[in-house]
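First chain written, first letter: the chains are A, B and C, and each begins at residue 1.
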Amino acid sequence: MAEKTHFPVLELKGLTKQIKQKTIVNNLSFSLQQGDIYGFLGPNGSGKTTTLRMITRLVFPTSGEIYINGHSVDRDYRKALSVVGSIIENPAFYLDLTAKQNVKLSAELSDTKVGSSRVDEVLEIVGLSDVKNDKVKTFSLGMKQRLGLANALLCRPAIIILDEPTNGVDPAGLREMKELIKRLSQQENITFLISSHMLREMQDLCNRVTILQKGKLVETGLVHELLKDYGADNLEDLFFACIKEDRQ
Amino acid sequence: MEKQLHHDFQKLIYQKRYLMILVGILLFSTIYTVYLAQKGLSSIEMLHIGLSQLRPIYWFICCYMICDVISSDYHHKTLKTTVPYSKSRTAYIASKCVLSAAICFLALLVHMISSSITAYIFSPHMEWIVFGEFFALASAGALSSIFFFVSLFIFCMIVTENEAATIGFSLGTVIIMLILESIEQLSKYVPTMQMITLQTTIHANLTIGMIIIGTLVLLAIVFTLFTMSIFRRKDLFV
Amino acid sequence: MRKAGILIGFEIKRMLFSKTTAIYTGIYFINFMISAIFFRIMGSEGTVLTIGNAQSFPIQHLQASFLFTGIFVAIYAGQIITQDRSQGTIKLILTRSISRLEYFMSKVVCIFLFTVFITLLMIVLSYVVGMLFFGWGDVMIFFSVKSEGLQGILITMLSGLAFAFSYFAFGMIAATVSMLTSKVSVNAAIMGILLMAGQYFEVLPSVKQFAVFHQMLFFHINIFEKSFVYNTVSFLVLMAYSVVFGMLGYRIFRKKDLYV
């Protein structure tokens, strides 16, 4: 179970990313509390994946700070990233290795000690036990997504970042994934930051949302409160209302 | 195949690096021919020496261009988009072969034309028949070698599905041939030498010259057909 | 550094069992067979061999494999740097709180181990081909060095180590170039052309000792033929190339945005 903390699990302060003359992310600030399932929404090109890349230190911010469990991603990245599990865009694996070998490699590279039983356990959780000895190049997109989730769960992280995790996953897998996320959030106190376009699923899953447009924060808060404020029936209506308001 | 070829050709046009290679060859050919002209050589001698000097680097460049064309879909993971778009897998392979051969031959043409023009400027008394014969036989020798190499390298790419293995194999093969060239008895049979030795070989013995060209072309056809048969049935986990 | 060790182990395993290693083995074997066959037919005029025996076979072929080994080292350096990026597997590693320095250092060590491995591969294959064609022979002769038996093997290994070190310096240049390219073939072509052009440094006697290409051709010979001072300078030149290009490569990588 993730340790209870008195500070936000994830905190972004004034995060900005500029490439040449274009601002991809503009002065983004928000925080995630422990145990929350956070929806990270926005139209295509709004800067969601770039933000997630900055959190996982694949991309460097132009300015601003990111703190994970109170540790700066810039100055104290080892401690910061040691509690993070992630799927950024398409999960990438060594195609000539088996599913188990890929997860085992991640286990060996982790700061926390991860035994062989945990590797089998996470593959069982995501429903890939039967194919764990198959090479990843034979996997479908949905299977790769599940393997990505197994990878993210491996070290019992405090926060799991999922970028389009339901891409290619079948309906049964989708239901299982939702149940898993809810269970981990409630029982293990794991925080989830999920970027997705499937708003109906996000409404079922998330208790908080942040909406981005053109790199800027448009709205953030508890789902039920925002629905009430905007007079929206569902997350989809809320999303379009926020985007429309911002355009105006 | 025409659609596939058109598609691949468009991709090539969008990439500046091929233009840079051709411009580089143009500059080298022109500057080197001017340098040779200062030595008072005749125009045909300038062309011979220029081609001989360019030849080893030319084959390295060809290795790169062939591997680049045939591996681009594997590298960018666009094989799953391109192959269904293609009329057939055979057409896909054929298009890759034709395009990579064409770009290599174009590089040679750029050299020959630029050095010819430069040589003509400095030495206007060119014997056109001699020049024409040199041009035709150098082109025939180069084309047959190019087709041979293209078929070999695309076979390697399809079997290994590995860009590094293919470029390693292609450069290694060319280097082995550059080594074999140093052996006088073998040099006229080595594919990398055909662009400069074919003319001499044909003058000495027309039959042997035709056999060399014929063998290279036949090997190219055999390798290409074999590659097509493998690729037609291959599972593509892309 | 534990994680760097894990990455190194992983890369070494991949290197040993990869298709490229099989191709390199095949190409070296063919090259040595051609050399042996032509020595049998034409004597030393047709090949790099001056003495036809297994003891002398490997050490005589080191210099002759300049283009092959240079290209293979360049391809390997390019492969381990660019393929993780192009396939996206770099995010599998860097999101596990591994510093970019650890990651980069693991690649540097892998390049060094590869140069040692490929030199060893050449030496072993040469011994095999030499035995097949000529037998062990009475004495190993290499320039002014004459030896036999175990001492001859040790001299060959020492020469091989010097050879590997010079190619490691070249590999660091290739690694830096590959930071700026996205395809292995581009890297290989650039380094191949550099190799061919770099041989022309031999016509500049005052600067050739400071050219990495000269060291790649002669360092493993000069350790026996030249003075201690000369060899120390050569060693420092190679160290300088390794350190400078290593630092340059790391500087580029350290702050590179990875859109993978």
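Here are a few things to note about the model shown:
Heads up, the rule we're going with is that a residue touches a chain if its C-beta (ideal position, glycine included) is under 8 Å from a C-beta of that chain, and two chains touch if they have at least 3 such contacts.
Every value quoted in this text rests on a predicted model; they were computed, and no experiment measured them.
Set side by side, the interfaces A-B and A-C show unequal numbers of C-beta pairs in contact, with more at A-C.
Legend note: the chain whose CA centroid lies nearest the centroid of all displayed protein CA atoms is C.
In this assembly, the C-alpha centroid of subunit B lies 28 Å from the C-alpha centroid of subunit C.
Each chain gets a centre from the mean of its Cα atoms; for subunit A and subunit B, those two points are 49 Å apart. Averaging Cα coordinates per chain places subunit A and subunit C 43 Å apart. Multi-chain contact residues, meaning those touching two or more other chains, occur in subunit A at positions 95. Subunit A meets subunit C in the complex at residues 19, 53, 56-60, 77-82, 84, 86, 88-90, 92-95, 102, 105-106, 108-111, 151. Listing the residues of subunit B that touch subunit A in their complex gives 237.
Across the complex, subunit C meets subunit B through its residues 18-20, 23-24, 27, 30-31, 34, 38, 42, 46, 67-68, 71-72, 75-76, 78-79, 83, 86, 183-186, 188-189, 192-193, 196. Taken together, the subunit A residues at the contact with subunit B in this complex read 95, 137-138. Subunit C meets subunit A in the complex at residues 3, 6-7, 10, 87-99, 255, 257-260.
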